[in-house]
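Following this message is one structure expressed as structure tokens.
Should a chain be cited, it is by its letter among A, B, C and D, assigned in written order, with residues numbered from 1 in that chain.
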Amino acid sequence: MAKKQYAFYPGCSSQKKASADNFLRSIDVVCQKLDVQLNEIPDWNCCGASIGYGEGGELPRLVISARNLALAEKNLPGQDMVSVCPACWLATREAGERLHESDSLLAEANEALREAGLDLKNEVKSRHFVEVLIEDVGFEVMQQQVVKPLEGLKLAGYVGCQTNRPFGIVGESFENPRYLDKMVEMVGAQPMETYDQKVTCCGGALAFSEPEKSQKQIRDIVESAYDHGADMIVTPCQLCQANVEIYQSEINKKQGTRFNMPVVYYTQLMTIAYGGSATEAGLDGQFIRAEKLEKLAGK
Amino acid sequence: MADNKFAAYICSGCGIGDVLDVKSLEKIAQKEGKMAVVKNHSFLCNAEGVQMIRDDIANDGVTHLCIAACSRRAKAEAFSFPTAAVSRANLREGVLWVVAEGSDHDEVRQEMAEDYVRMGCAEVKKMKVPAGNPNKAENKRILVVGGGMSGMTAALAAADAGYDVVLVEKTGSLGGFARNLVKRVPFNAPHAEAQPTGVEELAAQVAGNPGITVHLNSTLAETAGSPGRFLAKVAQESGAVTEEAVGAIVQATGFTTYDIAKLPELGGGQANVVDQAGLEALAKAANGGAIKRADGKIVSSVVFVQCAGQRDETGTHLPYCSGHCCATSIKQAMYFKDANPDVDTVVMYQDLRVPGMGEDFYRSAQKKGVLFTKGKASRVAGGDTCKVTFRDLILDEENTVDADLVVLATGQVPSAGVDLDAWSAVVTKAEGGDEAAKAQREEMRSTSVLKLTYRQGPDMPQFKHGFADSHFICFPYETRRTGIYAAGPVRRPMDMFQAQEDATGAALKAIQAVENASAGRAAHPRAWDLSFPSARLEGCTQCKRCTVECPFGAIDEDERRFPLFNEQRCRRCGTCMGACPVRVISFENYSCDTVGSQIKAVNVPDEFEEKPRVLILACENDAYPALDMAGLQRHVYSAFVRAIPVRCLGSVNTIWITDALNSGYDGIMLMGCKKGDDYQCHFVKGSEMAYYRMSKIDDTLKQLGLEPERVATHEVAITDNVRVARMINDYVAQLQDIGPSPMKGFG
Amino acid sequence: MTASIATSQTILVVGGGISGMTAALEAAECGKQVILAEKTPTLGGRTAQLYRYFPKMCHPTCGLEINLKRIKGNPNVRVMAMTQVVEVTGSRGNYAVTLKVSPRYVTENCTACGKCGEAVTAEVPDAFNYGLGKVKAAYLPHAMAYPQRYVLDPSIVATPEGEKAKAACPVGAVDLGMSEETVEINVGAIVWATGWRPYDAAKIQPYGYDRFANVITSVEFERLADPHGPTGGKLLRPSDGKEAKNIAFIQCAGSRDENHLRHCSRICCMASLKQTQYVREACGDEGKSTIYYIDIRAIDRFEDFYQKVQADPTVSFVKSKVARIALNEANDNPILHGVDTEGYHRYATEHDLVVLAVGMEPEVTGVRLPDDIIVDSSLFIEGSKDGGMFGAGAASSPLDVNRAVQSATAASLRAIQVIHKTASTEAA
Amino acid sequence: MSDANNRALGAYRSNFLKEVEANVEEGHWVKMCMQCGVCAGSCPLGPHWQHSPQKIFMMIRAGKRDEVLTSDSMWMCTSCYNCIVRCPRKLPITHIMHGLANYAHRLGLAPKGQPTREIAKLFWDNLVKTGRVNELKFSLAMYFKDGFGQGIKNAMAMQGVGLGLVKAKRLNPLELLGGHGCKDKAGIHKMVAKAREIEDRRKGLA
């Protein structure tokens, strides 16, 4: 079967040796299994997501995303642009749509792009990797690859914000998206259906500037996962993953909690369920070790 | 009576035959009911059963029939025999379904059924087939009072349906208030822009319509008669009077705007503070260009103050909301924005009320840059720069805003004529000989719109806040003056779209009224009832109760002070019949006799049998259906009661009460509709009258040495089917405590 | 059936709710021939499912009784229940209409004795109570159902249950062989009184109607308050059957919202104000009602009712569109999150029960409107290009009962005008 | 920037709404708000800010220029988009908040020392320099933004996190010597400079 080709936009945190390095490794495995080929966009740049607005303003912010779109158009013609980072996807898709709505904005953007020797027709479709899996591959095919169902593993599906709002995955509800739970079911694990912090914001954008505020968010997210009896949290978002995992120790220190809740990516679950090793799944990259998942991987 | 032939048909279907002794019911119909023909059928309501009855009418000359089967509310179509007098003995809903099951109750159940057969036979013997009103009232012209948007719409609507129209307008031209408007709030999608009012076109259509006679500069000098035969004297300013014979009337006399001089705190009367009408005038003068104030200065900022002198809880101004004003201010703000987008326009509201698609109109204004501030204005200072002091309800602070012009969104005040409550007070005084009152009465009459010659006053009764509205939700056009219908803002505050809808509906009701009158039929709620009241005047004592108590002003007094019935105004409720102390008023199929004979037909056991008898007189529209549905849902109640449906509790004549007590009944339950402010009586005052009359009865009871508990009046809603069963059982229990009536055996 | 039952002098009224009944009766009482087609087995429509009317707090069935009496006594109206319009061709003054009559499986012989209902054991969701309860599969839709005839649910027709019903009927009125019928009629004018339906509350995701048992709709609340309803008139909340005393009413549930309905549904404010009085009726001073609103739209003299409710100490008002509802998993209480925008007060308030004042949208299921019909952006009927078809009542705009009846009366006269013009041209 | 502020004051005199419509991203939506407050109730940072979005819109209409532009409320936005998806009038509230923050920042009116404002600047500079965000340099810069002494404290406080990430191979010490970055840095610099120049011209910021 011919591989599905996509223009790949990794984003800053999913580069080798960056904070979501392990995520990227598990994505590689999943892509191999599902005949998906991600062709990295040459010389892509940062999307300026979340707080880029503060200094970047409107046009400069749109333009840096426009550059990525233009590069994809130029170097990987005909391929949809795929991000694994919700923030990258959102920023890029938003930029594309804004420039599509306003000819004057597009003209201004191109005026700036020309400085970098680029020109944007704005024909590239910006998509998230989850969309590719659900819409282009499909749950059925994904399930066929499962050789090691993750039986007994209880997972709180933490969707967070940006794969969900404002665009969301087609057919999902903003308040109660089910795609992550479906993926958990797909790999043979047990989703926490009533987990009520599914779409709570982790405050990631303010992790550095307003630690106590974002950590308040994180506390709710982790606490509810414990309350609903989850073994670990699964998420599609690097910022969420890092935030919710890393700051548990901080919260323990400040508030005397005893949080030690692993936070993994859906692709890590898939990698193990597809028979991959803990290392292939990037579990060595966990800040809080996902022991139960490692055990299943060892079986 | 010679050629009357009476027949009883007893159905044994629906299980009646299984638990009742139908044979003995037949015997009773024959021997006691004196029915010439008595037949039973196992399925009377089906084609064959009905055919049997039809054949007896056609071939056997049967003229009167008692159908002993289900409730009169069931199988009404099957058992409708227009040429015969029909009574219904309710064996199914009234006996079978409500008396407890089991052989213990066989005896009382059978007795109950037998009584209902006796009652049905007794009733039909006293009934006549209504012939319809013999007095011809065949004028089908429609009189429309008022030539504004509502009046013109009603006139054209009637004319387009083929009815001649007479339109009376007090000013010199058609169009009314709408003439002052630059544009109207949009009627249809996309509800984004104001639309032309269309008033000129409408006026031209009315003027050019051969079916419509228009009287300008004219008012009504007098309106006499009733539906189908009104005679209106149309007086012109000149003094000339034309007589117009018409069949029904639509009153579309509109509204005036609330006087802003009454709102000094909001700048009323000060420079550059206008009401919405004033703004329309400025906009008209601007003719699409920049809107200028009275002093000629171009307006560059304007504030609209909503609810000015409306929704007032202090009792000083209008307590109600006029409904149209939010959309009207939005429209007027657009006048400014469309002429020049840079004009600052602020609409200051507490609740923005633009229902339905008005929401699109609201959005459209926001797109144009009209600003909406949720705030309550406490003070407006007029002048070269007006200052509006207000509480910003969102920012939660006192604030002020300057503007070149302030528009106060004031309310609609109905032009409904004389308030009849005030009127009747004055009239009573005047008839008592009070000269001042006499003068006041004439002064009031001069302010009347319709100048009706009705005993009960010259205009339509007003409902609330001076509007000539109906009290009913399901029947908005039901005024208390048959054949006279209010339309437009005289009825309820409303915008132009609703006024035109309303006027079209009112035109239909007027058409209906003339059609009914010409066929001698009743109007709502007993639509198409052919029975009508007749009075044996030789017995009349001229007590005036009937004329005073008729809810519909149907009865005047002739020169000899006898009641003068205007059948076309009559709604057939029987309140006059209930009022008459000498029982001279009756309908062919509903009279003191038809009910009285049923009461007497009941077999009342003597005191030793310990079987109390309770008479229920139940309003046929609410209480009786509730009893029916109690049966339908098998809520068991005592077999000691005997229920008779009445047209309205107002038709209950005290003779029935005394008859029942004399016959040895142990108790009487009157079941009527809710009375008071939110009355549900479809004849307005019937329930109230019954309470009043029964309160008088207490003394009589005492004289007879009877306990007042033996007559109980209840409000029963149509939904009370559970409650009504409980009420009956409680009452029967209560009576058994009191003991049997001492009157037993004297009857 | 043949077209002879109707002519170009006949008016077709589609929809047997209060607007349709009114339009039909007003024309009939003017002497016109009318066919009244109703989709369900009984007349009455949505208003029959209301407990009380605002502002009088009187009972809709009271007016229904009068309208039914008018219909029973008027030979000019022909009622066709379980009948839908399939197609309309022709034009003003002369329409050819195809009607689809669904099988009732019970003939005119039915006397509503109830034997079939006693005989069958199968139950189906009770449509009259918005599915809050169940009803026997052989049933009378409600106590005032007209025609007063039982109905067999299609699900039991081909089963032993159907046979039970047949066997139980003493008058042989159960006909399991009944099948769908198609009727062609000619009419001169058509009044569309197809009414409204409550907006699908599950679509308003932040309020979790699909996730939280104790979040219900305003129409369901009417059934709870009604003594004829599934709880016998007690305000019992779905999760645990406990009596609800502290109840929240959320306005604009779907209305005034471009994610749902663009329009304001007009009646919801008044409906909620009315329903606070159900709470008072049931709980007295113990009850607590809170109305969360954007603007209270109590137009004309309804303002009196608003002021009356404002004076009721058990009722409070919060000017806020509720942001989301969360669940207290310990007691199933919904927790409302939002901000009171008058001033700015953040709240997270727990209630026993939440009632969503759901908006009105035109009822279009099973109704195929001819292309000739003109509708607005929310699909309410404005009229028709050829001027021979008219919207009436809630099919034409979100209206309260009183205004719906006015609208229907007006539509009735417009239909009569069409008939009149056709007649005079035919005569000429 | 104060001269830009003076220019704006001159150009729009009392009409702050017009100023916002012209100079703030998606500012033309502000007038469409109907004050339902669903945004205020939907914001996860709600308990922390002073003015809710809907209230800010009202303040803009009321001409409260200083109060709005010096407010730190819009800097609390976490870009969770709850307000956008729930707004019954479909206002792009998140973007308006971002736009207001940026405008206030560019006029020099945004609160001094507002942490998000400062970090946003660091973040942007960091990304423009190499085209990509260098997480380590960014983090270090973060720690030292409040001066050297505080920086050490911050660094020590977050040591566990830093070392943990290094252990987990998710933070690479070698990044200090170059690390990630785009090849066409020059092009990116010119492009961003141009974009800024255009926008500033349009908004009268330069």
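Just so we're on the same page, a contact is a pair of C-beta atoms (placed from the backbone, for glycine too) under 8 Å apart; a residue touches a chain by one contact, two chains touch by 3 or more.
It should be emphasised that the depicted structure is a prediction, and the values quoted were computed from it without experimental measurement.
Student: Give the fewest steps needed to get from subunit A to subunit B, where each step moves from one chain to a chain it touches.
Tutor: 2
Student: With contacts counted as defined, which of the two, B-D or C-D, has more C-beta pairs across the interface?
Tutor: Top pair by contacting C-beta pairs is C-D.
Student: Take the average of all CA coordinates in subunit B, do the same for subunit D, and state the distance between these two points in whole angstrom.
Tutor: 65
Student: For subunit C versus subunit D, what separation do you get between their C-alpha means, in angstrom?
Tutor: Spacing between the chain centres: roughly 51 Å.
Student: Hey, how far is the Cα centre of subunit B from the one of subunit C, in Å?
Tutor: Chain centroid spacing, subunit B to subunit C, equals 24 Å.
Student: Residues of subunit A that touch two or more other chains: which are they?
Tutor: Residues 174 of subunit A each touch two or more of the other chains.
Student: Identify all positions of subunit C at which a residue touches two or more other chains, and write them in rising order.
Tutor: Each of 206, 256, 319, 324, 341, 344 in subunit C touches at least two other chains.
Student: I need the residues of subunit D touching at least two other chains; which ones are they?
Tutor: 34-35, 54-55, 82, 85-86, 89
Student: Pull out all the chain pairs that touch, please.
Tutor: Once each pair is checked, the touching ones are A-C, A-D, B-C, B-D, C-D.
Student: Can you check the complex and tell me which residues of subunit A touch subunit D?
Tutor: 12-13, 15, 17-22, 43-46, 48-60, 62-64, 67, 108-109, 111-113, 115-118, 161-162, 165-166, 174, 200-201, 203-206, 208-210, 213-214, 217, 246-247, 249-250, 284-287
Student: Enumerate the contact residues on subunit D facing subunit B in the complex.
Tutor: Residues of subunit D touching subunit B: 15, 17, 31-32, 34-35, 54-55, 58-59, 61-62, 89.
Student: In the complex, go through subunit D and note every residue touching subunit A.
Tutor: 25, 44-45, 48, 75-82, 84-86, 94, 98-99, 101-102, 105-106, 115-121, 123-125, 127, 131-133, 135, 139, 142, 160-161, 164-165, 168-172, 174-175, 180, 182-184, 187-188, 190-196, 198-199, 202
Student: Give the list of subunit B residues in touch with subunit C in this complex.
Tutor: These residues of subunit B touch subunit C: 13-15, 43, 45-46, 70, 74-77, 80, 157, 160-162, 188-191, 311, 313, 319-323, 349, 351-360, 393-394, 396, 464-465, 467, 469, 471-477, 492-494, 498, 501-502, 504-505, 507-509, 511-512, 515-516, 525, 527-528, 621-622, 625, 629, 632-633, 673-674, 678, 680, 682, 717-719, 721-723.
Student: For subunit C, which residues count as touching subunit A in their complex?
Tutor: These residues of subunit C touch subunit A: 205-206, 208, 211, 324, 326-327, 329.
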